[in-house]
Structures are given as structure tokens and as C-alpha cells.
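Each of the next two complexes has chain A plus one other chain: chain B in the first, chain C in the second.
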Partner chain A sequence: MIKLLKAEFARCFSGKVFWLIALFTLVTASSFNFIKYITVKREHQTEVFNDGMLYIGLISIGMIAAIFVAFHAGGEFDEGTVRNKLIAGNAKTGIYLCHLAVSSVAMVIIQYLFFFTFYVCSYLFFGAFHHSFSVMMQLHLMGVLGTIAVTAFMLMITMIVRSRTIAVTVCMTAAVIMFVIGVALINELEEHSMELMAMEDIISPEKYAILNKYSYVYGVDSESLSGTKLAVKEVLYDGLFICQAFRFSSERELPYHWEFMAVYNIAITLVTTLIGSVTFRRLDLK
Partner chain B sequence: MFRSKLFWIFMVLSVLFSVHSIYDEATRPVMDSYSAEAYGYVFEAALYIYIMAYCFAAAVIDSLFISREHADGTVRNKIISGHSRAYVYLTELIVCTVTGLIMFIVNLAIISLPFLKFGIHGMDGWVTMRRIILIAVLIIVINALFVLFSMLISSRASSIVWTIVFMIIMIVSSGLIQEKISGDSWSRNRREAGEYYNESEILSVTERKVYKAFDRILPTNQVLHTYDIDDYLSDYKDPSTVSQKKLNTALAGICILDAVTIAVVTTAGIALFKRKDLK
Partner chain C sequence: MEYIIKTNDLKKNYRSFKALDGLSLNVPKGSIYGLVGRNGAGKTTFFRILCGLQEPSSGDYEIYGVKNNDRGIMKSRRRMGAVVETPSIYLDMSAQQNLKYQCRMLGLPDYSCVDELLKLVGLANTGKKKAKNFSLGMKQRLGIAIALVGEPDLLILDEPINGLDPQGIVEMRELILKLNREKEITVMISSHILDELAKLATYYGFVDHGRVVREMSAEELENSCRKCIRMEVTDTVAMARVLDGMEVEYKILSETTADVFAKLNFSKLSEALAKENCEVISMNEHDESLEGFFISLVGGGGND
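Let's turn to the complex of A and B:
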């Protein structure tokens, strides 16, 4: 297993896909700052609030993981390397876990590459950030769990469909759909929250205090959203990584329910890995 | 194409999407004053959502359909059997475009069905007609772009990645361009009315010309503008003050620009495909 892991890491870092994604991340992170710099100069802005953009890397990680995992793990089926590994005596679960470990590490590196590139460029162009560095690091640690969850989900799809082309199609479509659902959900729950804000007399003072502090309070019905529908949307609000990433970009501290987010991310990683590895073990790879 | 599973999978998805978009829009709370016109709004929103989704669907359909021909050597066989590369390219373009248009017509038929029950209250026939024409033209432009990618990138997986990433970058850029122009127009109108406006949002003459040119030429900008098509065609003036004839002329101008885009993209595609090594 250790030997396989070493070989997988070597293949990952010697392949074009990882370095192309790393280059894309570097260019994107620096160009966002450059565009902002031009805007600030043109509009003679005196105070720049750039903190929210530090999390764009997390928002786009779904799409990046879709491409990386499909090419890295999916390519093995097209080239027949998976069979070679099995013939060499590796267990299917071992192969699956190696892919998960390598893909997760690669995606976490990309996540931090975006963060630090953006941080350094922004610091050079505009000076200090408004949020504290420790909060940013805490949010990014939460982001690591989310990144691993997203990677595990993409790996599950790739290992089940066993084709680079179908994997890249399904994973990228899933990433786009998750993005759209995430944005729609955030907008809907923001509207719901605004509705609750106007209900000061109806909501209990404790809940209103939470609503006031965190801009959202769980489990309170409004006219437009209530019951099971609200409960499902709140679970997705905490559980979908894209929603978490959007919420991180507007926080000055760990968001309300951050413990739930961590639990959901770990649960998604475990469940998808279990489903993926069990299905992969049963597949006939002849 | 019509015998492939790919077409039928996307056709079924397109039908499900159309039904869902009607259901989703129709179940949203509507202000009482708009209730008589409700389905007109649902129909317009459904058209807009369809063309947005089609941008991504076309990326997948075109890439999978054409790159499979690369992968199993059908393209090479066609050339060996005496067809010129230009004809092969144009055939692929026509097939993908016709598929796109058929899917659009099916979608249009499905989302029009509720009119039988609700009537066409609140529908402005001219606006809807302009929207439908623009969407049909955009389907051809989008296919021209994706056929170019798919004919030049032999790897199926790479072709899908590049087309989807290209579409995302184009849509994000178009969103930013649209934001700049809307901010500029809003501030200019407020300045003319003597109300409060944001000076920093007003673009210089050259900047405005450049942004406007991109706003007119880029197909993804036109996709975003299918929603507010009359504002777009009337150059962000109040559309009620502009005659139908002028709006139709502006649409014809946009269609001519799109025709030029199709011609340029296809010519470039054919030229590059002729030089491509198909071994």
C-alpha cells in the first residue's frame, strides 16, 4: 500500500494535469487582484475590502476536483493501469484509498495555493486585510474538510463509471449543478432570513438575538418557507460545500453551525468512500 | 446523431428540464397584480433558463458526438472515402445545429402547452418573437463555437473540459461586462434626472465603446440579454419609447453580427482542421 501510495504521488506530481491546474490557479488568483487594482485606481477608492475573494478558490474547487479526479483516476481505466495494479497484488480497496489520498492532497494543495497567492498579491497591492489571519486559517481548515468531501464525491463517480470521458462529463455537470443549487439556496434562505427579521414580535428574543448576530437562525418558519421543505434546505445550507464556501466569504469569524458543517463534510467523505469502494470491489475489470 | 443514445438522453433531459422549469416558475409566489399575466412571465423565464442550460448541454453533446468520431476513426474514414475536410466539418456543424434547433422546438412546444389553459394574457407577441429568434440564432453560434473546439481537440475528455471551461469563462466575463454597462447606464440616467448617482460607475467614452462592442458581439452577452431583450435592443433606453420597427431593426443587426461570428469561427475552424494531423 505504501509503495502504491508513493507511486501514485509520483504519478500525480509528474503529470501535466496537476501542474496545469496549479498554473491556472496562480493566474486566476493574481489576475483577480490585478483587475481589482485597476478598478480601485480608476475609481479612486480609498478603502478596499478584498477579504471575501480569498474564498473563490473554495467556491471553484468542485469544478477543479471534477477535472483532476476524472483525469487522474479515470485515466487509469482507459489505459488499463488499474488491471496492472491488481495483477501486481494490490487490493481494490487499497487502490481506491490511494486515489482518495492522492487526489485529496492535490486538491488541498491547490486550495492553499489559491489562498496564499491571493493573500500575498492582495497584501502587496492593497495592504492589510480586515479579517484576522487566524480566522482565515480556521475557515480554510474547514475548507480542507469540504475539499476532501468534494474530492471523495467526484472519486466515487469516477470509480463507478470507469471511463475518463464519462467521468469528466458527469463530474463537471455535477459541479455546475451543485453551484447552481448552492447559489439558489443561499438566495432563498437570505430572503427567508430577511422575512424573519421583520417578525421581531413573533420570534423568541433568544432566536432573534441569534438572527441578529449571525444573519440566520435555524428552524424558524416564515410565510414562504416552512416545515420539511425548510428543514431539507437548512441541511443542504450546512452540508453542501458550495454553500459553505459562499458563507465563508462573508464571515469575520467561524460561521454559526460550523460544527455541523464539519460533521456533514466528514459524513459525506465516509459515505461516498464506502459506496465507492464497495461498488469498485464488485466491479468486473476484465 | 438521431440513432445515438446521446441524442435521446439529452432529448429526454431537455423535456424533463422544460417541464421542471414550468413547474418551478409556476409554483413561485406571484404578486397579485401580476396574476393575470403570470404564465407570460413563466414562459419568458423558461426560455431564458433554457438557453442558459443549453450552453452547457451543447458543450457536452457536441464534444461527445464529434470526438467519438475522432476516437473510432470515422473522421479519417470519411476523408479516405473522398469527402473534403471542409465538407466533413460543415456536415458536423449542420448536424449539431439541427439537433440543437430540434431540441429547442421541442422545448418551445412543451413550455407553450400551458397557454392552452391560461391563455396568452400579458404576452407581448413582438417581444416573444424577438426572444425566440435571438435564441434560435444563438443556438447556431454556440454550436459553431463548440464544433470548432471538438473538431480540433481529438481527445474526448479534453474536448469536454475545454468547452465547459470556455463556456464558464465566457459567461463570467459577460456577466462582468453587463454589470459595468448597467452601472454606467444607471448612473448616467440618474445624472440626467438630477438625482444621486455614483460618479465612479460612469465609464469614459472609449471604455464605454469597448464594453458596448463586447456586449453586442459576444454570444454569451446576448444569451444573458435574452431576458431583458428589449432593454438591450433599445440600448438601455425605456423600450416603451422606442418603436417596434427600431427594435426589430436592432435585432436584425444583432443577427447579422452573429452571422459574421459564425462565418469567422467556421472559416477559422475549417482552415485549422485542414492542417490537423489525423493519424
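Let's turn to the complex of A and C:
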């Protein structure tokens, strides 16, 4: 498997897909800053903090992983190259895990590429951030777990559908659905948080519980949301990577329930990998 | 005789469809083994199983004496190369990059074999041209070159001449013969173009409905292919009456042509035909082809 890993890493980093995505990330991260810079100049703003935007890369990682995984791993089935790997003595599980490792590393590189490009550009254009660098690093470390979970989910789809075109379509649809669910959840659960925020300046973890005894999510209104429905939404609020990324961008420190987020990300990675690899092992390949 | 591949009552079902229904065959070492069968007979399914792409529903097979459920089967597979259906190549890579990738995957210490293999398959001058811009024949040859990385002892080729032009077919034939004779690679090959297969194979396995109907060497096949006299006459109905009277085996091919499978006194035959007002136009000695033998073995009828 080590030989396969070496070959796959070489293929990934010499391939067009990775570098096109890297270029897209560079352009996106710097152009966000450039647009903001023009706006600031036009409106004569003096204090600009771009902290929230540092995590936009995490919000879009689902879409990027959908494209990368479908092209990198899904192409194996269209071009029939998975046959060479099997004939070369690799097990189907080994091939699956190898794709997971390569795709995860590639996506984590893209995640950090966005962050550092954005950080450098933002620092040059606007100066200091609210977040300390160590908090940024901690949040991005959490983001690595989420990126791997999203990649594992996309890989599971790709290895089961076994076609680049179908995989791109299904993975992109899944990424869009996750984004919509994430945004809808944030909007619903944090509906009243802005009103409460107006009263409280900095919310300590202790105050979360006092301010809202019905949910740890700051701002949940118990009259419209309670019981199992609330419990499910709380799990998704912690577990969905889109929700996590949005929460990173609105906090100045590690978000409340960050341990849950880490556990959910690891669980998603393990479960999707288990389902994907077992299913892939049983599939008849052509 | 030493066998490289042995299968025992191999079965593969796709829901209710039996792709392989008790396939048992043996591939002798050093042979060019031609797998002959109609579309849907189970040839490609068999190759997929050998390559580890699919698991058999029941039965077992051995590659170099290692059974499919033994742990060592993956190591045994490393000794083979295969091109099943379409060549397995990365289309956005050049021929050289494809071979280097295969070298890396097999853990070869260097890329010294790359140029040699490209030369062997006639792709030495393709430079940085991407595989997606290759002709079908070039892709086939690149597929074979990839299969040859790591110096395998066994090469599996599924319909390697499909879609090739006449020159491509000749080149492919020469390449396969060269690999078999010079590098002593055992080749297992399936093809629909039976006349072409007859120019290569030293062993045959005839497959029908997922079973091996018969296995034989090229010499045995030659002996089994019956010689006959192909006669062109004015009235084969009259000829049939005469031949029935002489208790001779024959086959009517058209209104004017028939094959006669017996040693005959042709003076007496022409005399008897004349009495039936049937004239003999021509007579030629004719060998039954591999195609004819296959048809007689599995029966006519359409493809499934």
C-alpha cells in the first residue's frame, strides 16, 4: 500500500485537477480581500476586521472536495485504471484508504492555502485581526477534522457510484444540500441570538446556560423548538461542517461544544469510510 | 504439463443471469491460450474474476498454484499483466508518464524499463502527447506496455484487436508472438476474429453459456477440423438424393454448393448425378476453419 500511496501522491500533485483547484483557491482568497479593499477605500472606513472571512475557505470546502474527489478517484473507473491497481496486488480496501489519504491531504492543503493567502492579503491590506493567531490555528485544526470528514463523505459516494460524471453530480448536489441545511439551521437556531447579543457584549460559556435554559445554542426560542426536534437540530448544528465553519467565523475563541464537533467529525470519517470501503469491496468492478 | 491458471467449476451470477456456469479450464505454461466464445459467453467475466475485479459466486481458481481465497493470491496477481476490455490508462498523462506511474505503483527501483517498453510497443516517439490524443491502436499498445511493466509471466488480453485497422492487427499479432517467443510470456487471449486467433493460439478453450465446451491444443484442433470436398452443382436437391443413396455425410450450403465429408469415387458420383440431371460445375478440397469448428461445437443460432 505504501507503493500505491507514493504513486497516488505523485499523480495527485502532478495532475491538473489539484493545481487548478489550488489556483482557484489563491485567486478567490486574494480577490475577496481586493474587493473588500476597494469597498473600504470607497466608503472611507478606518477600522476593518476580516476575521469572519478567514473561514470562508472551510464553508466552500464541500464543493471543492466534491470536484476533486470525483475527478481524482472517480476518474479511475472511467479510465479503467483501478484494474491496474488490483492486478498489481492491491486490495480493494487498500485502494479505498489510499484515495482517502491522498484526497484528505490534498483538501487540507487547499484549506490552509486559502487561509494563509487570505491572512497574508488581509494583513497587507487592513492590518490586525481580532482573533489571535493561535485561535486561528486551533479553529483550522478543528477545520482539518471537518475537511477530512467531508472528503470521506464525498469519497464514499464516488467509490460507490463508480463514475466521474455521476460522482460530480451527486457530490455537488450533496454539498449544496448540506450548505442549504447548514444555513437554514444556523438561521433557525440562532434566530434570537442577535437580539440577545445586543444586550450582552461578550458571552461566557456559563452565560449560555443562564441566558437560554432550553438549549446550549445561544438564542433558541423554546416555544417554537423543543424535544426531539431540537435535539436533532442541535446534533446537526454541531455535526454539520457547514454549521461548524459558520460558527468559527462568528467566534473569537473555540466555539461552545467544540469537543462535540471534533467527535462528530471523527465519527463521520470513520462511519463513511467503513460503509464506503465495505461496499466497495463487495462491488463487482468492470 | 505445468499449468499457470486452473479453474474449477467457476460460477458467477448477476442476479438471475448466470455469466459463468461451472467454467473449468487449464492454461499451460508458455502457451498462447485462445479463449473462443460468443458475446455473453462469459469470457470477459472470467478475465475480470482473474484480475480480482469481481469475486466468483462459487467455485475456485488458481494462479501459479495459489487459490483465489488464499492470502497469496495478490502476490500471484503481481506476476500477471492484463488488458481487459479497454486499455487501463490515464488519459491526461503521456505514454511515458503512464508507465512511470505503473513503475512507482509496483515499487520498481528505477524507470529503466520505460523506454524499452515504449520501443517494444512502437510508442517511442510519442513524446509529451497525452494518451487522450492517441488512436485506438496506440491506446491498445500503451495498455499492453503498462501490463508488461514488472516483467509479468502471464499476459491476459481481452479482445486486443477490436477496432484496430488491418496494419494494427498485424502489428498486434507480431507483438504477441514476440512476447511469447522471446520473453516466454504465457498469453491468454480472447478474440471474436477467429481467423486471426488461429494464427496465434497454441491452445484453445471453447466457451459457451459460461462453460468450457472443449479444450484442445492447436494440433488437436487441426486434426479435428475435418477436410471436405466443396462441390458446386446445378441442383443440390438432386445431389442430396444421390448422396443419401450412397450413405455419405454432407452439408448443403446453398442451392448450388455443398460440402461432402467422405472419400468418394467421383466417377460414380458424377455418373449418378448425371442420371438426376445435375451437372458438377466445380470441386475443391476445403479445410473446415476454426470458425466452422466452433459453430459445429456450440451449434449455430444467434448471439445471446
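Assume the second predicted complex is superposed on the first by the 256 of 286 C-alpha atoms of A that agree within 3 Å, B and C clash if a C-alpha of one lies under 4 Å from a C-alpha of the other, contacts with A are read in each partner's own complex, and residues count from 1 in each chain.
Note that contacts are C-beta pairs under 8 Å (C-beta built on N, C-alpha and C of every residue); 3 or more make two chains touch, one makes a residue touch a chain.
As the structure is a computational prediction, the values presented were derived from the model and not from experiment.
Taking chain A as the reference chain, the count of touched residues is higher for C when chain B and chain C are set side by side. By the document's definition of touching, of the two partners only chain C reaches A:Lys3; chain B does not. In the superposed model, A:Asp284 makes contact with chain C only, not with chain B.
In the superposed pair of complexes, A:Lys85 makes contact with chain C only, with no contact to chain B.
In the superposition on chain A, contact is made by A:Gly15 with chain C only, not with chain B.
Contacts of A:Glu47 after superposition: neither chain B nor chain C is touched. Of the two partner chains placed by superposition, only chain B is touched by A:Val176; chain C is not. When the two complexes are laid over each other on chain A, chain A has no residue in contact with both chain B and chain C.
Partner chain A is touched in their complex by these residues of chain C: 14, 48, 51-55, 74-75, 77-78, 80-82, 84-92, 97, 101-102, 104-107, 146-147, 150. Those residues of chain A lying in contact with chain B across their complex are 42-45, 63, 67, 70-71, 74, 164-165, 167-169, 172-173, 176, 224.
Remark: chain B residues 29, 56, 60, 64, 67, 156-157, 160-161, 164-165, 168, 200 touch chain A in the complex. Interface residues of chain A, counted against chain C in their complex, comprise 3-4, 6-7, 10-11, 14-16, 75, 79-91, 284-286.
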